[in-house]
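Consider the two complexes below, in which chain A is the common component and chain B and chain C are the respective partners.
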Partner chain A sequence: MYGDLGSKLVLEAKRAQQLSQSSGSDQLPLYQDDLVRNILREIAHLKKNAEILKSQQELENFDNKVAKCQYFVTLLCMERNKRCLLAYQKLRSDALDAAAWNRNGLDTASSLSAAKDGSSNLSHHEQEYLKDYVQLITDMKSGDYTDIDLSGSLTPPSDVFIDVRVLKDAGEIQTEYGVFNLIKDSQFFVRQADVERLIQQGYLQKL
Partner chain B sequence: MNIDIEDILADLDRDTTAVDQTLTSQGQNDTTVFGSDAPGSDKAGGTAVSPVRDFEALMTHWRNERLGPELLPYPHALMARMLRRVQEQLEHIECISMGYLETLGEEDDHGTSDGGSSSNVLNKLPLLCMEADLERLKFVLRSYVRCRLAKVDKYSLYLRQLAQDNERVVPLSDLLSRQELEYHERHSAILLKLLNSTILRHMPPELQAVDDNEGSVKMVEEPEWDRFVFVYVRGPTSPRDPDPALEVGPDGQCFYNVMIQELREEVELTVGSIYVMRYNVVRELILEGKVELI
Partner chain C sequence: MGYYDIDDILADAAKFPCRFNYAVPGLGYLEGNVGEEIKKNAKVELPLWLARILAIVGGDEDADPDAEGALPFVELLAPEILSSRVMNAIKSSPVALDVHSINAHFYALAVKWATLFDDRELVRVLNYMLLERTREIHNHAASGTLGGAPSTFMLTLDEFEKKLYRDTHSGCKETRRWIVRK
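Here is the complex of A and B:
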C-alpha cells in the first residue's frame, strides 16, 4: 500500500533514536537517501493521480461520490507520507542540534568536520543546516550571555578542585587560564573551572 | 493582666536594626559576593532589591521553568541585574587576584618567604569562595537559559502562532528576551529551510505548510496544559499585606480555593503543604508566585 515505505522510514527513525539513547553517543546513522527518494517518487505519483481525478471531475462536471472519495484517499496518502518524512527529518535535526550544543560549541568550534566524524552520514542539506546552527549558537553566546558560558557543563559544580588524568597525549595546551603540559597518563590537581572544556573535549578524565 | 507589647518591641527593633544595617552594608560593600547594587536601584518598585533575594527569586524561576510544561514569562529586570552582577563580580575577582599577585611579588622581593606563604594561605580562602560561588551562580543562569531555549525549540510553531494572534494578553517580547526572540526567528528559519529543501518542495501546494492544523493531525504542538505537577503552596509573598484570594478555614488555616474544571470540584490548597495538581488548575497562582513547583 501507499503508506508502507513511510512506516519503514519511521521504523528506521525509531531505531536510530533507541541507538542514540542506549549508547549515549551522538553518532547519527546514514541518511536513508534511497528510501526518502522512493517516498518522494510515490508522492509525485499520487500527485499526478490527484490532478487526473480533478480534471476528470471538471470534464464530467458532476462530482459523484466515488470521485470525491478517490480524491480524498489520495490526499490522505500524501499527508501520511508527509508526516513520516517530516518526523524522520525532525528527529535527525534534533540530534544534530544536540551534537552542536555538546561538541561544537567548545573552544575549537571552527574545526567542524573534525569534531563531527559522522559528517559523511549527513545529506548535504543537513550539513548546511548544521553549519548554520553552529553559527547561531556562536552568535547567541557572544550576546548578552557572554559571561555565562552557554555551552558549558550542565552538571552542577560541586568541588572547586578535582583530580584529572590525561587520557590523550596532546602536548602543550594553552587554556585561557594558563598552560598545561598534557602528557599521557599524568595526573593533575586543578581547579574544575579551568579544565571543564578539556574534559568535554575528551583529553582529560575526571577522577 | 498580660499586655501584648509585641508591636512596641518591633518598633524598637526596627530603630536599632536600621543603624545596624547601614553599618553592615557599608562593611559588606567591599566583599559582598554578588557585587553590590547601585544605590539608585535599591528602591525599585517599593520593595528593596538585594542580591540574596534576587538569587532566591532566580532559583524559583529556574525550578518553575524546568518543571512546568509551558514557557513562562522572562524576568527581564531580574536577569539584567543578575547578568550585571556576574560581570561586576568577575571584574572584582580579577582585580583582587591581580592585587594579590602584586603584593606577593613585593614580599618575594623583600625575601620574606615565610611571611609571604602564610599571607598567601590567609588570602586564598575568600577568593576561593567567591570563585566557587560565581561558578554556582553561572551554572544556575546557564541551566535556566538553556532550558528556556529548549522550550523555544519545542514550541516554536506554537509561539509563532501566538505572535500572529492579536488578542493576546502577553506580547511575545515580554514572554521572551531579545536574544531568545532572535534565536527563535533564526532557528525556525534554518529549520524551515532544511525541511523545505528536502521534503516540502515535492509536496502538492495544499500540503506545503508546516503549521497545518486543518489536516488529520494538528501540526502545532501546544504545551501540555493538564500535565500533573508537584506544587508547594507558599502563601503570600510578604506576611503583612493580606491576600484577597486567601481564605481562612474553620481551624485557622489559610488556604486558596481552586476549581478543577472537568471534575467541577473545589480544592483547598492549604498554605505550607504539597499537592499533585494539573498545571492549568494552579497556573494563575504560579504566575503570581503564591505557589511553587517542586
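Here is the complex of A and C:
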C-alpha cells in the first residue's frame, strides 16, 4: 500500500543513525537513490489520482462525503511520503553539517575532497550542499570572529603544554606558529594551542 | 515528537484496526483489492498516520451528533497493544513485562492514543509503568557495561527506553572517566 516505501526509507535512516551512534564516526551510508526515486514516482501517481478525482468532482457534481474521503486519503498518503523523504534528508544533512564542522576548515582550510572520504556516497545535490555549507562556515570564521577558531576543539583546555606522539609520518609541517618535523614515533613537548589541529587531523596523539 | 523524528515516523506506521462508517468506492487498495469499493462496516488495518486523521474528520460540524452524517470516516477500534490483557500485565509487574515484544514503539503509540481519546486511566497506568521501569533501567545503566552480555531485562526495552538507557549509561560512564582522570 502507499507509504510502505517511505517506511522502508525511514528504516534505512534509522539504521544509519544507529550506525553513527555506535561507531561514533561520521561516515554516511550510500544514498538510497532507487528508493527515493520510487517514492517520488509514487507521489506523482498520487498526484495524478488527485487530479482525476478533482476533475470528476467538477463533471459529475460528485461533491459529497465519499469524494471527500477519497481525496483526503490521497492527500494524506502524499503528506506521509513527504515526511519520510524530508526526515531521511534531514538526518543526512545533519550528519553532513557535523562533518563540515568537525573535519573541514581545519588549519588553512585543507582541501574538501581529501577530508571527506565518503564523497561518493553522497548524492549530487548533497555534494553541492556540503560545498556551500563549508563555504558558509568559512565566511563566518572570516567575518567578525577571526580571533576565535570556531571549528576548534570543544574540550576545555586543561594544560598549556602537553606531550604528543607522532602517529603518521608527515614530514615537515608548517603551522602558523612554527615548523615541526613529524617523524613517526617521535615525541614533542609543545604548546597545546599549536598542535590542536594536527591532533584533530590524526597526525598526533595526545599523551 | 518532532516532524523529522525518525522514531516518531516509525511509530506512526504501526497498524491499528479500524471500521469504515461509509462505503467508499475506489479505496479498495486499503484492504488489498485494488480498484474496488470499500464496504460500510469493513474492518481494515490502517497505519496510524492515516487512521488518526480519518477518525477525526468526516462528520459535518453543523449536523446533529446523533444523525447519520455526523460520524467520522472511520472508527478506531481498541488495538491489541492496549488491550486489557496488556494493561493487567503492566499493573501486576511492569519490570517483568516484555514491552519490546508488544510493540517496539509502545510508549509513543500509547501516548498518541491517550492524546486522541483523552484517556486518563491509560495515562495513569503509563506513568506508573514508566516510573517502575525507569528505576530498573537506571540500575542497569549505572552498573553494567554496554559491551557485556545483555541481561534479559535489556531485551525487553522499547525504543524510547533504549534511548533513555543509552543516555544514562553514557552520562554515568563519562562522569566516572572524568573523576578517575582527575
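Rule of thumb we're sticking to: the second predicted complex is superposed on the first by the 204 of 207 C-alpha atoms of A that agree within 3 Å, B and C clash if a C-alpha of one lies under 4 Å from a C-alpha of the other, contacts with A are read in each partner's own complex, and residues count from 1 in each chain.
Heads up, the rule we're going with is that a residue touches a chain if its C-beta (ideal position, glycine included) is under 8 Å from a C-beta of that chain, and two chains touch if they have at least 3 such contacts.
All figures in this text were calculated on a predicted structure; none of them were measured in a lab.
J.: So if we stack both complexes on chain A, do chain B and chain C clash, or do they fit?
T.: Chain B and chain C fit side by side in the superposed model.
J.: Classify the contacts of A:G3 with the two partner chains as first (chain B alone), second (chain C alone), both, or neither.
T.: Only chain C is touched by A:G3; chain B is not.
J.: Tell me which partner A:A87 touches in the superposition: chain B (first), chain C (second), both or neither.
T.: So A:A87 only meets chain C here.
J.: With both structures superposed on the shared chain, find the angle between the C-alpha centres of chain B and chain C as seen from the C-alpha centre of chain A, to the nearest 10 degrees.
T.: One gets 90 degrees for this angle.
J.: Going by the contact rule set out at the top, does A:L150 touch chain B (first), chain C (second), both, or neither?
T.: first
J.: Report for A:L11: first if it touches chain B alone, second if chain C alone, otherwise both or neither.
T.: In the superposition, A:L11 touches chain C alone.
J.: In the superposed arrangement, does A:I183 touch chain B (first), chain C (second), both or neither?
T.: neither
J.: Chain B or chain C: which reaches more residues on chain A?
T.: After superposing on chain A, more of chain A is contacted by B.
J.: Just checking: does A:F72 make contact with chain B only, chain C only, both, or neither of them? Give me first, second, both or neither.
T.: Second partner only.
J.: Just to confirm the value: shortest Cα separation between chain B and chain C in the superposed three-chain model, in whole Å.
T.: Across the overlay, chain B reaches chain C at a minimum of 6 Å between C-alpha atoms.
J.: Same chain A residues contacting chain B and chain C, which ones?
T.: Shared contact residues on chain A (touching chain B in one complex, chain C in the other): 76, 79, 83, 86, 90.
J.: Any idea which chain A residues touch chain C in the complex?
T.: 1-3, 7, 10-11, 13-14, 17, 21, 65-66, 68-70, 72-73, 76-77, 79-80, 83-84, 86-87, 90-91
J.: Could you please specify the touching residues of chain C with respect to chain A in the complex?
T.: 3-7, 9-10, 12-13, 22-27, 29-30, 47, 49-50, 53-54, 57-58, 69, 73, 166
J.: Provide the residue numbers of chain A that touch chain B in the complex, in ascending order.
T.: Interface residues on the chain A side: 36, 40, 43-44, 47, 50, 75-76, 78-79, 82-83, 85-86, 89-90, 93, 97, 101, 123, 125-126, 128-129, 132-133, 136, 139-140, 143-145, 147-150, 152-154, 156-157, 160, 191-193.
J.: Help me check something: in the complex, which residues belonging to chain B touch chain A?
T.: 83, 86-87, 90, 128, 131-132, 135-136, 138-139, 141-143, 145-146, 149, 153, 177-179, 182-183, 186-187, 190-191, 193-195, 197-200, 202-204, 206-207, 210, 215-217
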